[in-house]
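In what follows, structures are represented as structure tokens.
The two complexes that follow have chain A in common; it is paired with chain B in the first and with chain C in the second.
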Partner chain A sequence: MRLRWLVPTLYILFLMLPIYWLVSMSFKTTNEILGGLTLWPKNFTLDNYITILTQPVWYNGYINSIIYVCMNTAISVTAALPAAYAFSRFRFLGDKHLFFWLLTNRMAPPAVFALPFFQLYSAINLFDTHIAVALAHTLFNIPLAVWILEGFMSGVPKQLDETAYVDGYGFWRFFVKIFLPTIRSGVGVAAFFCFMFSWVELLLAKTLTAVAAKPIAATMTRTASSSGFELGLLAAAGALTIIPGAVVIYFVRNYIAKGFSLGRV
Partner chain B sequence: MSLELRNVVKRVGGETHIYDTSVSLHDQGFNVLLGTTLAGKTTLMQLMAGLEKPTSGEIWFNGQNVTGVSVQRRNVSVVHQQFINYPSLSVFENIASPLRVAGMKRVEIDNRVHRTAELLRLTPMLKRNPAELSGGQQQRTALARALVKDSDLILLDEPLANLDFKLREELRDELPRLFADRHCTVVYATSEPLEALLLGGHTAAMHEGRITQYGPTAAVYRHPIDETTARVFSDPPINIASLIKSGRQVKLSESVKWDVPAALNDLPDGLYQVGVRPHLITTKPNGRNTVPLTGTVQITELSGSESVIHFAHTDMKWVSQSQGIHALQVGATETFYVNIDGCLYFGADGRLIETPAADAVPQAATA
Partner chain C sequence: MNEKAPYQKGWIFVIPVVALVAFNAVIPLMTVVNYSVQETFGNNIFFFEGIKWFQAVLTSDRFHAALGRQLAFTATILAIELPLGVAIALAMPRKGPWLSVCLVLMALPLLIPWNVVGAMWNIFALPDIGLLGKTLNNLSINYNYTQQPAAAWVTLIAMDVWHWTSLVVLLAFAGLSSIPDAYYQAAKIDGASPYAVFRYIQLPKMRRVLTIAVLLRFMDSFMIYTEPFVLTGGGPGNATTLLSIDLVKVALGQFDLGPAAAMSIIYFLIVLLVSWVFYTVMTRKEEA
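Our next item is the complex of A and B:
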């Protein structure tokens, strides 16, 4: 039993290894990376980060990504709120089927939609805009947000609505002033998942953009540029890409725990 | 402040939740809706509040037809069985919420909320969130919100059912005081007959979507118009058995017979029903005219001051309720005594034939 620390330690070690490797690479020069196996940076350098934060071709990728991710999160949650409310509060013809159908949208791989979306957005002159990517991602995010929010809303007794009506609230006043604050952790969790999905999704974002709205993931995954291999630079970009997700997770960690206990996340 | 239902029917899908119901509620004291779960109490209250529209029929309030008027414009208050408060607002804001919506002045809101909080002993909790309160305090908050505005109609839907025993008694004693000097119609739904008796006022017995009887509580208890009402208004459950009248005697079974009661005197021989409340069947003779009833003990439930004993006589199960502790052996054959002066007699159609002259509210009701 003295070795019981072994398994978790190994687990964490393996888990952290790729991240360590990425961060360590980002502080190396490209020559050192290509030169051979080194466990830690021999010539510690911040040049990679400085390049990313000063050259528009790099930092614009981050700005573009953040713009369409935020747009997408806002659109998805706003559209999902009334839908989830309807599913949680009303019984209507085919409600269960519709709810299931929404979920099946998430089962299709994004690659399926890459071609039709490319053609469609080009046809209506939305190609290479932030809103194009944001809209494309709602296809997957709205069903997810509806599903998460419906779980939270169903946890709120219908009598709360009735009590508010009895107190004199109209529907919208009740929804904004009473209901939204009541399920704010659900909104937090839904927003988090929309943010994360949109942030990590590469294929649609890459397909629908060229220059003006090019996401960081697209910039980062080109393996060679005019100046040859820039592995150190790519590693630094990768390390920076992890940060927003980590920040968002930090802020919603309590809500997610709540979401788990409600059984919907 | 009078509420009247005229031929109200509520159907949901293919199911009828409320059958044709007409009733005019009293504006003084409590109107108790008494019925088991699924009797339609909550549905009826939703119709009264305006949260649901009747499928057909009309609802009149103070001489006005309010059938189509939305709940927001009806000036009603509702307290539910579950403790419903706004989790995101403080207790103060919870109580103040109907006043804020009505656009009342800040000073007036402050005054009213503090007065109501004082009445319900919530003053120290005003700054807290509802989730930080005990169940009793949460329900007090819901009550305070219902009382803070001058509603014309206050609907209490089993408000004490989710509270533990002690708190329930405490709050139940306070309720009549809270409503004493208010000019409003109060409707109180409960599934417990004793609660109806304690609150007094008027009672509407409900069974499977119908109001079987409405009248002063004591009258409904003493003179239930039919078997169903008697069953609804009895806890422990009333004993109902077939009785054969032949000549000068009525026969419950081969061994149990007694003289024809006054009620059946002028009626032809044949089959009748007798209803005996459990407190009229005791282990020792109680009352002037008793008839022994022998049975096999099946279950004994002892509370501090009384014993409820279930026993079988012939094929039928009986329930008796005696003062004091009687720890009878299960399986033993014991003799019980039926106070026949208190029996209720029903015709073959289930309607009450004659009411007993001297029936008293059971002791347990006031315990």
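Our next item is the complex of A and C:
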């Protein structure tokens, strides 16, 4: 068993290879990329990154993505908190069916909903706004947030609630002052997963936006088709999309594993 | 687990969630159902057609082929990612700085937008300028995923393994880290073999998280669209046209709303049915 460390090491190497390739391409000129295989950028250039950080078409994509992802995370977690509390503490008519119905919405293929979503959000005049994408993404993020939070809340003994009530706390005061701090790592994990799934989703985000709220991922696909193959530029844009996720994951690294082990199902 | 008190006002707590999800789920779903039973010749004029589209979809060879490819894809990636993920989780350090390094690096692929994953592998595997494709060809392996269906499949599966095995690793690791040290000490005193430790301690403790892993990987791989679309576009020919790619081709490419809607509903029902079976099996295990 002394060679055990080889397994994760090899796996991480396998994971890093395509990422290394992407990052190395982002420092090459498009000509060098098309010219053949070079393991290391021969003519090291920062032009690709400069283009992205100075042209509004590009950097607005990042801003749009981050705006709707944050809005979605806030909405999903806020709405999921009371619901998860109810599922973890009370029995009420249809609670189990409701829980399963919520989960079924994670099973709906986004490809199915693309067209009706476009019509729905056009009809209520929200097409091409950040809030439209944020609301649409609650479809799969709310069930997930409820699921994760419910797991964390079930792990908190009920005596905590009862003691607080005996001490004269009202429900909301107890919930905000005592309960939320107790499950803050759960809130962190739920927020992380909402952030992650909203950040990586493209199909709905692309369907619901045109110009004003266009996500970075859509900017990439549309630029790829309109201006030929600017591979270096695309690689740089791709490399930059990894950063927000990497930052977020660094903060919650110790809770990720926990988030699922405590989950109910 | 806490004893739950009967409290009908619990409904008040779930109203925001139900309202949001219903708005996003029920209205679009009804739109799809509506389309699935009608025929249109444009100009917003619709005719009721009953179950014609459902019959057409269920008997079409094209749908059967796409469904077959979808099932083959899902079965293959489950067969690879689950054992691989468990093996990696077992070999990971239990604590210390290396654990954090492992977790952060392994989670990276999960956080890359799906079309970037597709584009990345598209270029990575190109036979003339991509690192993977060029290296394979230099080793005199004839590999060109834009021409050879088999190579396209291998690339697609390699991409999915690259993208999602980490999720299984994280889940399996979560299950493993919930085992108290006392269990291992007891096994050591009994002189249990590593296999026995795995079979009788680790596997049972991981069972619940592994069922979540199967469920999540099943649902997500069955609904996969963006990555294969960007990687191969469903080609060469129709070799990698999975269900969702076929669906979008019908819905947006040919604008056949009726058949596309009928297909969506059948598709959704398949995912729902399989997930429901998983769900009931899991909850029964929990009660037992």
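To be clear about the criterion, the second predicted complex is superposed on the first by the 243 of 265 C-alpha atoms of A that agree within 3 Å, B and C clash if a C-alpha of one lies under 4 Å from a C-alpha of the other, contacts with A are read in each partner's own complex, and residues count from 1 in each chain.
Keep this in mind: contacts are C-beta pairs under 8 Å (C-beta built on N, C-alpha and C of every residue); 3 or more make two chains touch, one makes a residue touch a chain.
On a predicted model such as this, the values are computed, not experimentally measured, just so you know.
> After superposition on the shared chain, which partner residues are touched by A:T182: those of chain B (first), chain C (second), both, or neither?
First partner only, chain B.
> Touch check for A:F117: first (chain B), second (chain C), both, or neither?
In the superposition, A:F117 touches chain C alone.
> Counting residues of chain A in contact, which comes out ahead: chain B or chain C?
Counting residues of chain A touched by each partner, the higher count goes to C.
> May I ask you to decide whether A:L160 touches chain B, chain C, both, or neither, giving the answer as first, second, both or neither?
A:L160: touches chain B, not chain C.
> Touch check for A:Y169: first (chain B), second (chain C), both, or neither?
The answer is first: A:Y169 touches chain B but not chain C.
> Once the two structures are fitted together, what part of chain A is touched by chain B and by chain C alike?
Comparing the two interfaces on chain A, one with chain B and one with chain C, the shared residues are 157.
> Chain B touches which residues of chain A in the complex?
Interface residues on chain A, with respect to chain B: 157, 159-160, 162-170, 173, 178, 181-182, 184.
> Touching chain A in the complex: which residues of chain C?
1-14, 16-18, 20-21, 23-25, 27-29, 31-32, 87-88, 91-93, 100, 102-116, 119-121, 123-124, 128-132, 134-135, 162, 165-166, 169-171, 173-175, 177-178, 194, 208-209, 211-212, 215, 219, 222-223, 225-226, 230, 243-244, 247-248, 251-252, 257, 260, 264, 267-268, 271-272, 275-276, 279, 282-283, 286
> Please output the residues of chain A touching chain C within their complex, sorted ascending.
Residues 1, 4-8, 11-12, 14-19, 21-22, 25, 33-37, 39, 75, 78-80, 82-83, 85-93, 95, 98, 100, 102-117, 119-120, 135-136, 138-139, 142-143, 146, 154, 157-158, 196, 199-203, 216-217, 220-221, 224, 231, 234-235, 238, 241-242, 244-246, 248-250, 253-254, 256-261, 263, 265.
> Quick check on the complex: what are the chain B residues that touch chain A?
Interface residues on the chain B side: 46, 49, 51, 70-72, 76-78, 80, 82, 84, 86-89, 97-98, 101-102, 142, 145.
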